[in-house]
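The following blocks contain the structures, represented as structure tokens.
Two complexes are shown next, each including chain A; its partner changes from chain B in the first to chain C in the second.
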Partner chain A sequence: MTSRETLAQLKAKFGPAILRADLPADNRLLLYVEPFAIKPVCQYIFRDLDARYVISIGADDRPFSGQFLVAHDFAFDRDRILCSVLTHIPADKPKVDSISDVVPAANWAEREIRDMIGIEPVGHPYPKRLVLPDGWPDGSHPLRKDFAWNQVPEGFDEEREFKFDEPPEGCMVVPFGPFHPTLDEPAHFRLYVEGEMVRGCEYRGFMVHRGIEKLAESVLTYNEIPMMAERICGICGCVHNVAYAQAVESAIALRLPPRAEYIRTIMLEIERLQSHLLWVGLACHIVGFDTLFMQSWRIREPIMWIAEKISGNRKTYALCLIGGVRWDITPDIKTELRQLLDKLEAEWKPVVAAVLKDKNIQARTSGVGVADKTACKNTGLVGPVARAAGVDIDCRRDHPYAAYDRVDFDVITADGCDVWSRVVVRATEVFESIKIIRQCLDRMEPGPLQADIKDELPVGRLGLSSVEAPRGESHHFVITGENNRPRRWRVRAPTYQNLQGIPAMIKDQQLADMTISLGSIDPCFSCTDRLETIDLRSKAVKVWTQEELVKMVKARKA
Partner chain B sequence: MNLLQPILLGLLNIVTVLLVAPFCEGLLRKITARIQSRQGPPVRQAYFDLLKLLGKEDIESGESPIMQRVAVYLSLATVLTIACLVPMGFSAPMNGAGDAILLIYLLTLAGVCTLLAGLAAGSTYSLVGISREMMAMIALEPLFAIAVVVGAVHAGSFRLDTVLNGAVYGEGFPLSGIVMFAVLLLSFQAFVQRVPFDISEAETELMEGPLMEYSGPKLALFKYAQQAKLVIYSGLFVTLFVPWGNGLAFPLGWLVFWAKVFALVLLVTLVAATHARYRIDQAIRYFAGLLAVALVALILASYGY
Partner chain C sequence: MSVLSKLKETLVCLKAGRVTLPYPAQAQPVPEKFRGRPIFDAAKCIGCAGCANNCPAREILVFDVCQEVRILKYLGRRCAYCGRCADVCPEKAITMSHEFENATNSIGDILQKLDLFMSTCQRCGRCFKEPSPLEQLKLKGYRMDDLGNERWVYRSKAFLNEEQTVDDVKIELG
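The block that comes next holds the complex of A and B.
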């Protein structure tokens, strides 16, 4: 079904409730609907048309249209369409019907809209705070346009503790995180444990939310944001860098020079290689198999070196600007990269062969952390987690970007739905990445790296972009704006959806399986931390609080 | 004179175990590193690590600092007492000072110390750790006891020096002795608490479990006790099941004994480096299977097979 046919179907069903529809490209569908129709339309798209839920976005559009904006993004993976269902909400009554009871995957996103923009999802099944700390005053919403990027609201109580739900009867609470040897980032799971069995959990994350979206909308400019976007994640940063650039390019319908597209593809695959090898190592470490942990990291190391040679950095490549890339693949690097891929393939093959035969690893991972097709659909799980449950989705093929439509590769799936299948999928995907890079190197032709952008970027356009990160689909949503920066930029990393699947995965499982189940989605919480200084002369130790650090940063600026 | 000699021999054993234990640990680390394509720390690093920990501030923490102290002293003391009773290259010192029951008792006590340590810490993770440790102990300790009893049945005596001299085989090679050899070899990794059976400490799940509140000198002593355990269990295994050549004249018998101990340490290292950690239920199922086989061996032994 093309986007036109989908639209016709929706129009036939909902008629006048659809106010306007834009088809900026064959693979994009922007649907403006009446606020009362948002829930039935989303339900129809999600259930009857069987689209995949991607993310919900809230925006403060009051300075421009006098209204709030809520958008629900869906993906028609078979038809290669990214669709956004938008509705305007009156400024004096910021309420919208919650879709979480028909689209359970929207649970977090709607709570985030409530916290950050202050649009109340009416009828939400679990309207607890998600992003804002409990000490944040009510009625203060950081992503509203009248809220300054560096503002601390009056009455903010930093020390207030989280209010947790009551654990079920007969269960012991095992706190997991924010600091745990296998959870290297600040997120907190309160596990309800009965004996050795996990009966449920409550999640509290967003402890070091950095307000990157707010910065982009108020301080940075179009070409500075890619560098900031890259810093969303330390392992798959290039994905965000590319996804952001593509979202803007899609909004302004900019075409890239082919060489730039190939280079983006190559860097994304290099990133996937290092990320998958990293993950296989970590997963082995979690189940206590340190030999394979060390070996896969040894095999991974040369990938970091070649990345450094190309971009100057082992990670955080700072690759994209709007309309192009900043680094070229020189003939020297081309030869070196080819050699590296040969060596990598030769070294990885025996490892995969050994892993696939290992009964010991299978015993620890088979039937563990189960998420089946229904769970994937309802929670919006993506990437290797979905592919390991037989859900055949991969943005590289379904929503082709960069040069992926010109290369030939297989989408690896498995049907065990468990951690073992995720191991198999990731370990095998490494070979596909190698295949893709080789084809890109063969087909790349000389040419410019950057498209020519002469005029200012048009205002008020919507851009959607999905990039297949090593962990799953990374989705960016952009509304272009004034002052050389977007009005709204929403990032949805794959972990945002995959984490929501964790409670179901670990329920009624052994406590020992918790770490590997969580590890199996390859979580990426992104973090920053406080700082400790030691005066060497006086040996005085001082631990800096967040408040002092903020003060220091601000003093320097002034 | 006759009183002094066994005491001196016992002390010699203690000193030997204390000296060799970190060496085994160092060896284990070095070999593991080589398997993992790493350089690895020098073998002597294990000694430095202990010294470093011993020199650190002694912090009392956890639910009950007194129990924390008791647990670690008791743990090392128990292990060293076992060292006094087990032959370490020479004939058993203090021969006749105790019987096989005492040995079994002491081995169990060493495990109980870990439970005490976990209780002393009092955190959720250490409690989960000791509940796992307890389950493992219940399934595991009988295995060694049965091995010793099988030896005692064949030797017709519970005297330690008789039992520990390859008595499981008695005269010739009875079936029960061979079965017990296999059972203990398959469970050896669990006795010395290495991967895949380091379940109660599982760093990536329980953050060292019972040991989580230990630091500085007390951690050093606990680690020392654990390292000594590896040597002592290896020694016990060698004397019980591979006694050949131990009885040779001094330098030769001594060398043969330690060569066998190091071979066992090497085996432990190889298994640890090529396995993932089992879950407690999987481990218990495994132990239960071995226990069933061991019981059959005990019945066989009582009928003289």
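The block that comes next holds the complex of A and C.
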């Protein structure tokens, strides 16, 4: 079905409730509906038309239209359409019908809208605070336009403790996080445990909320945001960098020079290579199989070096500006990258061959952290988690961007629904990435890296963009605005949806499986190092202090 | 037990050998394009403040003491090493160096301060030709960032309390 046919179908069903429909491109559908119709329309799109739920966005549009704005984004993966259902809410009555009971995946997003914008989702099944801490005063909503970016509201009680739900009867509470050896970022799970079995959990996260969206709407300008967007994630930063740039480009209908598209594709795939190898290593580390941890990280290291050569940094590529890229791929790097890919392929093949037949790791991860097709649909799971459950989705193929429509690759799926299948999917996808980079290198033609932008960007346009990050779909939503910066920018990282699948994945599983179930969705990772030396003969360990390290480096420089 | 797999895995490990680098005992060279700590060259700088206008981290401050003297201060605390300052600099006065061992306990170590003598442009006083409309910052006239407290002063009054902003100094155009 094309977006026109989808629209016709929706019009036939809902008629006058649809106030306006925009088709800015063949693969985009923006639907403005009456507030009362938002729930039935979303239900019809989600259940009858079988679209995938992506995210809900709230925006304070009062300075411009005098109303609030709520948008629910859906993806028609087979038809290659990204659709947004929008409705305006009167400023004096910020209430909207909750869709969470018909679209369970909207649970978090609606609570976030309530916290940040102050639009009450009426009829929400679990209307607890999500993003804001319990000590934050009621009626203070940070993403409203009359709330300054650096404001701390009066009455904010930083020390207030979280209020937790009562555990179900007969269950003990085991706290997991905010600090936990396998959890490298703060998130708190209260596990309800009956003996060794996990029966449920309550999640409190958002402890590292950085207010990056607010910053973009009030302080940064269009071309500064990509460098900050990159820092949303510690591993797949380039994804957010590209997704943001694409969202703005889609809003203003800007065409990119082909060479820039190929370079974006290459850098995204380089990032996927390093991320997949990193995760396979980490997952093995969590289950105690350090051999593969070491080997996959060893194989990964040269990819970091080539990224550094191309962009000037191992991880923060600072690649995109609106309308193009900043770094070129020179003939020298081309040759080097080709050689690297050959070596990588040759090294990764025997590893995969050995691991995929390894009964030990298979026994440890099979049947663990199960998320089946229904769970994927209901909680909107994406990426390798969904593909490991036989859900054949991949934004690179379904919503092609950059140069992905010009390359051939397979979407790897498995049907085990468990951690083992995720290992298989991600380990095998490495070969597809190698394939994609090779094709890009062959087809890339000389040309400009930047589109020529002569005028200021138009105001009030909507842009949607989905990019397949290594751990799933990253979705960005942009409304362009005044003063050279967007009015609203909403980022949905893949973990936002995947984390919502965790309660289902760990339910009725062993407590000991919690770590790998959580690790299998690949929540972000960062680490602080210190130096330890071991004398190989005596096995004596010496930990170096910071002063000693500084001294050594200074002596080396002198 | 899958003995064959274990043997294969052993082989992979043996073949790899030793890969640990002797860093930090030995210096580790970085590639040519590496984006390390930006170095500001006062001799080349014309004081256009293009770098300050386009710094995503807002770590470059500008203060106009008078018509002739402008202070440019690079703080470097939150610097993301994105290299946008070097990109937009019309005089190539900023180079992304190869320095990456910048961790320090005293923040002053990475600070750079330029005292610039400014000549006067007949039209607007301060000129910076943006490479594209996207590089525009709608600031005209003098800039008076808060050097003492080391923070940017936001000119956009749109949604801020008044005390947080300073009015643009209006300059008569001929």
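Methods note: the second predicted complex is superposed on the first by the 524 of 558 C-alpha atoms of A that agree within 3 Å, B and C clash if a C-alpha of one lies under 4 Å from a C-alpha of the other, contacts with A are read in each partner's own complex, and residues count from 1 in each chain.
In this section, a residue touches a chain if its C-beta (ideal position, glycine included) is under 8 Å from a C-beta of that chain, and two chains touch if they have at least 3 such contacts.
Just so we're clear, the structure is a prediction, and the values are computed from it rather than from any experiment.
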Applying the touch criterion given at the start, work out whether A:196 contacts chain B, chain C, both or neither, answering first, second, both or neither. first
With both complexes overlaid on chain A, does A:180 touch chain B (first), chain C (second), both or neither? first
Is A:484 contacted by the first partner chain B, the second partner chain C, both or neither? second
Once the structures are superposed on A, label A:285 by its partner contacts, choosing first (chain B), second (chain C), both or neither. first
So, does A:512 touch the first partner chain B, the second partner chain C, both, or neither? first
After superposition on the shared chain, which partner residues are touched by A:360: those of chain B (first), chain C (second), both, or neither? both
Identify which of chain B and chain C touches the larger number of residues of chain A. C
Contacts of A:172 with chain B and chain C, given as first, second, both or neither: first
Once the shared chain is lined up, is A:298 touching chain B (first), chain C (second), both, or neither of them? both
Is there a shared patch on chain A that both chain B and chain C touch, and which residues make it up? 291, 294-295, 298, 358, 360
Any idea which chain B residues touch chain A in the complex? 32, 35-38, 124-125, 128, 131-132, 195-196, 198-199, 202-205, 207, 273-282
Chain C contact footprint on chain A (complex, rising order): 63, 145-151, 218-225, 227-228, 231, 291-292, 294-295, 298, 301, 305, 308-313, 316, 318, 321-323, 326-327, 350-351, 353-355, 357-360, 452-457, 483-484, 531, 549, 552-553, 556-557
In their complex, what parts of chain A are in touch with chain B? 172-175, 180-182, 193, 195-196, 284-291, 293-295, 298, 358, 360-361, 363-364, 510-515
So in the complex, the part of chain C that touches chain A is made up of which residues? 1-2, 4-6, 8-9, 11-13, 16, 19, 24-27, 30-35, 54-56, 58, 80-84, 87, 96, 101, 132-138, 154, 156, 158-161, 164
